[in-house]
Structure formats: C-alpha cells, structure tokens
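What follows is a set of structures for review.
In the two assemblies presented below, chain A is common to both, partnered first by chain B and then by chain C.
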Partner chain A sequence: MDNSEILTKLQPVFQEVFDEDDLIVTPQMTADDVDEWDSLSNVRLMISIEVEFGIKVKASEVANLSHVGLLVDLISKKLNQI
Partner chain B sequence: MLTHSLNIERLPWLIDDPARERELFKAAKLNNKQFFSIAKELSLHQSSMNDIGTVSRRLTKYYNNLEDKERKRNVKIAFLSNTTIQLAIEMFALSSLRHGLEVETMCLEYDQASIACLSKNKKLSGFAPDFIVVAFDYHFFEGGSFEDKLQHFQNLRDGISKNYNAQVLFQNLTAPPESLFGSYDVLSKESWPGKIAVVNDAVNNFCKEYGDSLVDINGLVSRIGAEKWFDREQWFAHKLPFHLSFAPIYCDIICRIISAIKGKSSKCLVLDLDNTVWGGIIGDDGMGGIVIGQGNSRGEAHLDFQRFALSLRERGIMLAVCSKNTDEVAREPFKSHPDMLLKEEHITVFQANWKDKASNIKAIAKGLNIGLDSLVFADDNPMERAHVRAALPEVSVPELGNDPANYTWLISAAGYFESISFSAEDQIRAQAYDAEAKRLEVKEQYGNDGDYLESLGMKIRFAEFDELNRPRITQLINKTNQFNLTTRRYTENEVKTFEEDPNYFTLQARLSDRFGDSGMIAVVIAKKVSLNCLELDSWLMSCRVLGRKIEEAMMQYIVENAKATGINKLLATYIPTAKNSMVAGHYEGLGFKNKSGNEKDLADKDSTYWTFDIDSYESKDLPLEIIAK
Partner chain C sequence: MYESLFLTSIEDVALISAYVSIAFIVGFLQRYSSIFKYLFSILNIGAVYYFFFYEPEKLNLEIFIPLILFALIHWLLLWQVNKMKVEKPSLYWLAFLSPVLMMIFIKAQSVIVVVGVSYLAFRMALAAFELRENKQLFPNLIDYLGFLLFPVSFMAGPINPLSNHMSTLNNRQISLHNIKFGLLRILIGYIKFRFIATFVNQLSFTVFWDNGYQMDWVDFIVSSTAYYLYLYMNFSGYTDMMVGIASILGIKMKENFNHPLKARNIKDFWRRWHLSLTDFLKDAVFTPIMLQLTRFSKGRYLNSIAIVSITSLFMVMALWHGFELGYFIFYAFHALAFSLVHISELKWRKKSKISFNRYMNNQFSLWFGRIATFMFLGVTCAFLELRTYDKISQTLSDIGFNGFNLI
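Moving on, here comes the complex of A and B:
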C-alpha cells in the first residue's frame, strides 16, 4: 500500500471518528484543523486506525506526530513490518 | 459438548444485518425528526464500536437540545472511577435505548473520583444523578499498605452515602493477568488474586449493607479472558481500564442492571417449537421423528435448551409457546414424548395455530397481562424473527441462528431476564400467573360473567383480625390505593388495638378457587358508634380480584354479623383520592343511601356519606361459597 492509498483509507476513519461526513484528509492537516480532535478523540482515532489497518501503535510513536503526513508514514512503516 | 465461536463483545444476539445497519447509521447522521426512532432501531443491531460511539454522541447532543419537560424522564448515571472511563461510557446512550431507557451520563477525571467520594463534588451534585456507578479497578490497590487501601476503599463507600443521594451500582474487581508465584497465587494473600478476593468480599458487603447493586465485571472478564480485556499499552498511555472494543458489552451489562432495578426486565420467554424446543418438525416427522436428547448432539442441544427454559421458570420467568401447528399436534410431545423435559404444566400460555406469530404473541402478552416489551421470542426461523421484529418492535427477538447448541448461550448472554433479587414471591410468580391465565382462558369460553364466576368454584373465608395475619393485614391497609374507600393507614400496633377492642368489628377475607389460592384479598374495619349503629372506617380490596362479587359476599357477612349483635344501621364514608375513583359508587352499588350534604360534611366537601338500613337488606345468590369462622 503506498502513501496515497493509506491516505484514502484514512479518510472514512477520520470522518467516522470526528463525525464529519465532508472531512477531507490531507497530509498537512493537524489537530487544530478539526473541531473535535482532542486528547480523548485522539485515543479513539488511534484505536480505529489499529483496527482498520490491523497494526499496533505505541503511544510514544504517536506522541510527536504533528500532522497527518507523519501519521501516514508511521502506518506505512508498520504495514511494511508485517 | 457445546461449542460456539460467538464472542460476547459483538453482542451476537442483536440483529445481524450489516446492510440495514449501514442504512440506519447513514440516516442517523441526517439529524432530522426521525433521528430518535432511527437510533432506537439501530440500537437493536450489531454495530461497530465507532458507529455506536458516533450515534451515542449525537444522541447526547439531541438530549441536550430537548425541552426540560421532555428531558425529565431521562435517567442520569454518574461514573466514579480511578480510570479514564469516558470513552467507554460514551457508548452508553445508544445501548440504553434497547433497554427502554433514555440515559445521560457524566463522569469525573480519574484523579478526581476518590476526592469526590469523600467530599461533595459540585459537578457531580449539580448533575443530580439517579444512579452512581462505582467503577474502580485493581490499580487503586497498587503499592503501599493493602490494609490502608482497603480502609480507604471503605471510606470512599461511606463518603458516597454521606454526600450523594443516588442508587449505587458497585463494580467488583478483576485481578490483572500478572502472576507473582504461579499457581500458588490462588492460595497466597500477597498475590493479586488473593488481594482482589478480599476486595470483592468488601464489595459484596457493600451490597448487603448499603443495598448497592453488584456489577459483576469479574464475571464478564472471565468470559472474555483477562488477557484480552486488559490493554496494557492503553493503560500506560491513557489509563483506559479495558480495551475499547469491550465498551459496548460493558455498557450493556450496566444497562441491564438499571433496567432490572426499574422493573423493566423481561418476564416471559416465548418459544417456537419446531427446531427450537425439539429437532425436526412435529407435523411432518411425528412423535417418532422429532429429536430430543437421545445421545446425539442435535437432540442433546435441544434438551439442554429445554432444561434452561425450565430453570428460568423455576426462578419466576414464565414460558409460553407460539407455534405454527395445530394445537393437538403441538401438545402431543409435551404430553407423551418420553424425552421431553418441558411439560404442558410448565407453559403458561400455549398458542399453537395457523395464525401469524405476531398476532399470537400479542395474545400471549394479553393472556399474561404484561407489556409486549416484557417478552422474549425464541425462534430458529429468520423469517419469523423478521416478521415479529417488524410487527412488534418492543418484543426482544434474539438472533438465535439455527444451531441449537447456541440457543442457551445466546439467550442467557443477552441478559433479557436480569434480576437483582430473588424473593419468595418470585418463586411462586409463575404459578400465580398460570392461575390468572387459566381464569382468563375460561372467561373467554363463557358467554356471560355469571356462568364464568360460577365455574371458578370460589371459596371465600371470613374471619376477624388475628395475630398471625396482622402483618399481612397491615401491609394491605398500607399499600392498597385503588379499591380503598377511605385510605386510612394504620400501623401494626394500631391494627392490634382494633383486634382487641370489643367495640370494633374487623374482617379479613381470603379467596381461593379451583385454579389457586389468592391469599388475603380484603380488609374491613368498623366501629360500633352507638348501641345499634356500626360505622365502616375502612374497606379495601386487592385489585387482582375485581368483578367477582366479593363486595356482595362481604356485605352479606357484615349484615349477618350486624343482625346478630343488635346493629340495625350502617354508616359509611367515601373519601376521594387521586387513585380511588373506581370506588366512588361502591356503597351505592350495595344499596346504601347517599346522605351527603349534612352539617358535619363541611370538613371535607368532596367526601360522600352513606347509610344502610339493615332491615332493607335483600339476600342475593352469590357465585361464592362463604366460609365464616
């Protein structure tokens, strides 16, 4: 799966977790750009990503992700490890 | 041997229809007038964690926008936990809909919970919860002196009673999957199993001492497996108490308990017959062809399901049959199949005919005099299940599948019949309902009431008050609201004085008929106010026995007694309340004359006053045998 495919797959996950049907996910997106993206919904997001991609994400790995592009990189790395 | 690959966290008894679930989920996001009813339907479906969370959050917003008046009936539940339980209870709103409840939740941050127990927390008080769920986990007991922690735990419980006025649901604890010695953990006091056993003893005591309701999380975790339940990473990162995928079943477990507390648990299991109670189709396969027990796995599974149904009945849940067969053919196995565990006498209402099942289920509810939402319908046929769900959405219809090996597991895992207690009354409830159902059956067979009443073979026993029955007499006096002429409440001591005072005439009535004993059903207290005048102070009767001419029988007994003691006049009063309008015409019906409008009436202008001339009494033919002591 290449990065653009990961981004495409992330879209419905984001839309569901943040309850926004028209949310478009871009690599530059940050938590500030999304209304309901707080620490609690971040947990929900990470768990959903784990379930969706079948990967396990460590809290330390996610802590320093400033924007979605880095999240996509992380997912890609995990998928290649499987 | 029972095998199943059903996971409790998926709530597999809920409707398995992913296409419809998606439709409902999309519709729920439209935020229109149908939102609430769509959410209600969605709650009955198997759904993903995210879907449940999303719709629950919307439901919470919906409640926030309601008028105060409509919001009043919402049940408010507060959670106190040393863990980050917010994400889990976010799913509560949707789960509660399937239990007939509209729930709003709140919880405090994990580090505020303890303090909130010991001193009033403004946010918690302001929320004014109906229920407080105490959801502490083993981490509370980590480190330091275990004895101190235990004392602290006790202090927290005491504090809750002091500071808040809500019914408490207390969660028991689970030991983490972390062994200290190995197998010796079980016998040691230092290991987690050892410590948690002590803590759970304390929790059991809270339930006995404070009347808390126990939430058996320990039981849930042992079904799921502690290894799966605890997510170490999520605890270290966010103090999540368990993996979020278990949040839906967690919420469901708590909803059931609250539903049980509110008396909303199901009361009757309605059974299809073919391929549900036995293997095969009785109409086609006949007595020799249906499979029950007989040492093969299919037969044994059906037999086990029968055993489960019987055990439900023994704890007070009624059984009914709803089958597409002729009545005679359907009853035969109950009558004479050697391997049947269930017999006709175990089935309170037996509906076997060719009508549609929804009509029959309605008749069953009517026959038992309970709501449709108190019924659980077990049928192996997905078309029948769909038909009943569509026609009667209040009836619980588990996704039974068609493997009898899973029937017992599914119905018990779903928790439809959750109960928080078991009393003597529960034990005999099934018989009492049986008796009433049989009476109703008989009533429908008769064209008129007179013949029906005669057929009951009623016997009524009259006696004056006595010590043995004093508690029951006092109970009736204090809890009867509808058929109560004056609603005067007396303590047991006051009842005792009536017993002993020769100026008082007292009457307790017990009723039985050929279907069963209804026990004590009526009470009269009367005072001799002059040599020849008796005033009826209290006259009350149980609503269960209306319309059986019992009042006339009691009048006859009162009159006979009056004559024997030189009384020639009866006085009576009717004091109206919000609940007793049904007896406004009681004395008129018995031939009393209305004497309202006299001077002494000014004290209570709505009451009515009556007199009866004993000589004017005309004896009537009554369908009861009177046995007087």
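Moving on, here comes the complex of A and C:
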C-alpha cells in the first residue's frame, strides 16, 4: 500500500473519530487544525488506525507524530514489517 | 519558591555571569573545533558541582560522586538499549524506570537532600523514552553528562528533552538575535521573579495559615488566589530567565508556560502550565495507560478509561512533587475537574456541535470560564503550600470548617 492509499484509507477514520463528515485529511495536517484533536481523542484515533490497518503502535511512536505525514510514514513502515 | 544561588545576592549574580561569559566564549569557539563542545559539557558538570553541591566548609562529594556514577550507569544502559538490533523491552524499562526509582528513594528518606533530583530523574527517563524511537540521538558520555548537568535547567527545569539539547548543541546558534531575545527574557523574568512575585506574595499572607489565626473564608480565598499568582510569577519568571540564559548560549530550551491565566477551564489550564513536565507525562504515562486499557476493553468504557488514565497522570505528578498529603489532594481535585470538563465537553459536542461551538465562541462564557478556573486554581493551590495533614486541618478549622477530619 503506498502513502496516497494510506491517506485515502485514513480519511473515514479521521471523520469518524472526530465526528466531522467534511474533514479533509492532508499530510501537513496537525492536531492544531482539528478542534477536537487532543491527547484523549488521539488515543481513540490510534486505536481506530490499529483496527483499520491491522497494526499495533507503541506510545513512544505516537509521541513522535507531529503531523499526519509522519503518521502515514509510520503506518507504511508497520505494514511493510507484517 | 525558587530561591536559589541564582540572583539572591551580588555575589550570586557575579558567579552566574562568570559562568555565562565562559560558556558563551566556549560555545562561540565551538565553530572552530569540536573540542569546545566537550569543554562546554565539562564546564557544565563543574558548574553544577560548584553552584549546587560545593560548600566552603563541606565538599559534599559523597552526594555528587554517586550522582555522577548513577548517570554513568544510566548512560551505559542507554548504550545497551541503543545498540540492540532487536529491542529488549526489559532493558528499556530499566533505563526508563531506574531514574524514577532513584528519585522516589531519595525523596522517601530524609537524611540526604539532593537539589534538583526530580528534574534530573525525569530528564533521564525522558532521554530513554526519546532514544527508544530515535536511535541517532544517542549522545556520547561527556555530552550526556553535560546535558543532565546543565546548570541553567538543573535545579528547576524546564525538563528539556535530549533531542532539543543535542540538536542545538551540535548546531549552535549563537547569534545577535538569540542574544537580544535572551536578554529580553532575562529582563522580563527578573521583573516577574523579583518584583511581581514578591508583591503578590505580600498579598497572600500565607504566614497566617495553619497557626490558629481565625480568618473569614473570603480572606482565605483572596490569600490563596494571591498565592497562586505568586507561584506563577515566581516559577514562570525563573523559567524566563533560564530560557533567556540558554538562548544567549545558543541552546534551545523547551517553554514551560503558554499564558495559563487565559485558561478557560482546567483541561485548558493543563495545556498551558509546566509544559515540559506535562508533555512528557502525557506521552510516557497517560498515552500508554490509555492505549493499553482501550485495547484491553476493545474500545468500550472509554469514559471510565479516560478517567483512570487522567487520574494516573495526576497521581504521578503528585508523586513527582513528594509524598505529602497536600500534593495528592491538589492533584486529586485537578484530576476530578479535568475528567468532568472532558466528559461534559465530549457529551455536549456529541449532542449539538452548533451549540458547543456557540459556547466556545461566546465572550461571556470565555471570561466566566477564565475567572472560575482562576478561582479554582486559587483555592486548590493552598494545598500545595499547606502540604501536611496537620496544617491542612488547622487551616480549614481556622476558616470555619471544623468538621474536617480524615481519620
């Protein structure tokens, strides 16, 4: 799966977690761009991503994710390890 | 609160100025030879010993040398974690938890007092946390000791991450802009620390607490609120000065405050207060607990899980301060308020996003929230000052809560 496919698959996950149907996910997007995106909803996001992609993320990996582009890279790395 | 060697007498100002001058020259020369980078680290180690441990009549090497040895062992642990191709979780957890256990051990006994041990322990644990995912970050021994024993942040933070310290140490930005910024921050910090904090401390009249002086509860709220302002001015003023000194030396320091007086509720407050501590605990305590519990519950009971994770985070913060009852009461109130805000925001947003956004954008609710948060902080901060059961019960009885008895 390439990064653009991952990003496309992330779109509905973000929309469901943040309860915003018109949310457009971009690689540059950060937590500051979404009102509801705090450390609590971030965990819900990670769990939803784990379910969607069949991967497992560590807390130390979550800490390094400053924008969606890095999240996509992490998912891509995890998928390649499977 | 942070009455330290720094800025309490002319001799202290002279000493810190001498350190900054030498460190500045050494830092400036680093562009010509990397040997000056090591000299900077050695200068830091020596300065920490001289500023915080050495006394004319007592060398205190029996405290300083074990501390250096512990730091050395911790570096060896990090080295082992770093060179493993397949991660050994036990080794990582040893590197992460051993400084915290060292801190608890030192705080639990009353024979030895080690200045700045809480900050030192969390800097070490944070280094292990960062290195787990960023192996290129691994420093050599001299740089690591120079990072742990950086006199500017040694006593009261900020808890600067290793990544911040190393990136600026390896790529020093000693520039006119950074010097001007640093001098301005020192000036602002000094005004807050020396004048505003001293002034609001006069208003707090905490000397009347817990000594049998009967006061009205309104007096107590005024006094306690002034005490909160004193804590903020004292702590943020000190941090401003340290960030300023580090900036002059070309070292980037993590900011500790983001206008906490503007917080509209307790959840918002903790996004603005003591950020170097809360960011670390959020990543290292809150997120792992909430991730594990959410996985375990298969996504059910999210509100209960959030409350458990929030409470755990605040209890670790209490433990970081010490074992006194007042710390735990303060953080228990904050955990409760934080959880209430979180769950009510979540429910409100789910029920009607439009109504929630209207509330968020309403100026009246913003200012009402700010004042309520300020008052809540004002009242709960008293527990940080009172600390022990006897003092808390005496003060509560002084203001008319005679029924207060925990046992």
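Methods note: the second predicted complex is superposed on the first by the 82 of 82 C-alpha atoms of A that agree within 3 Å, B and C clash if a C-alpha of one lies under 4 Å from a C-alpha of the other, contacts with A are read in each partner's own complex, and residues count from 1 in each chain.
Keep this in mind: contacts are C-beta pairs under 8 Å (C-beta built on N, C-alpha and C of every residue); 3 or more make two chains touch, one makes a residue touch a chain.
All of these numbers come straight from a predicted model, not from anything done at the bench.
**Student:** Which partner does A:L40 reach: the first (chain B), the second (chain C), both, or neither?
**Tutor:** It touches chain B and chain C both.
**Student:** Which one hits more chain A residues, chain B or chain C?
**Tutor:** C
**Student:** Which partner chains sit in contact with A:E61 here, chain B, chain C, both or neither? Use first/second/both/neither.
**Tutor:** Only chain C is touched by A:E61; chain B is not.
**Student:** Per the contact definition in the header, classify A:K9: touching chain B only (first), chain C only (second), both, or neither.
**Tutor:** neither
**Student:** Touch test for A:D21: chain B only (first), chain C only (second), both, or neither?
**Tutor:** first
**Student:** Residue overlap on chain A between the chain B contact set and the chain C contact set?
**Tutor:** In the superposed arrangement, which is not itself an observed complex, chain A uses residues 19, 39-40, 43-44, 47, 58-59 for both chain B and chain C.
**Student:** Would you pull the chain A residues touching chain C in the complex into a rising list?
**Tutor:** Residues in contact with chain C: 19, 35-36, 38-40, 42-44, 46-47, 50, 57-64.
**Student:** Provide the residue numbers of chain B that touch chain A in the complex, in ascending order.
**Tutor:** For chain B paired with chain A, touching residues are 29, 49-51, 53-54, 57-58, 86-87, 233-234, 236-238, 240, 244-245.
**Student:** Which residues, counting only chain C, touch chain A once they are in their complex?
**Tutor:** Those residues of chain C that touch chain A are 129, 132-134, 267, 271, 282-284, 286-288, 290-291, 294-295, 299, 302, 306, 309, 342, 349-350, 353, 360.
**Student:** Within the complex, which stretch of chain A touches chain B?
**Tutor:** So the residues of chain A touching chain B come out as 16-17, 19, 21, 39-40, 43-44, 47-48, 51, 56, 58-59.
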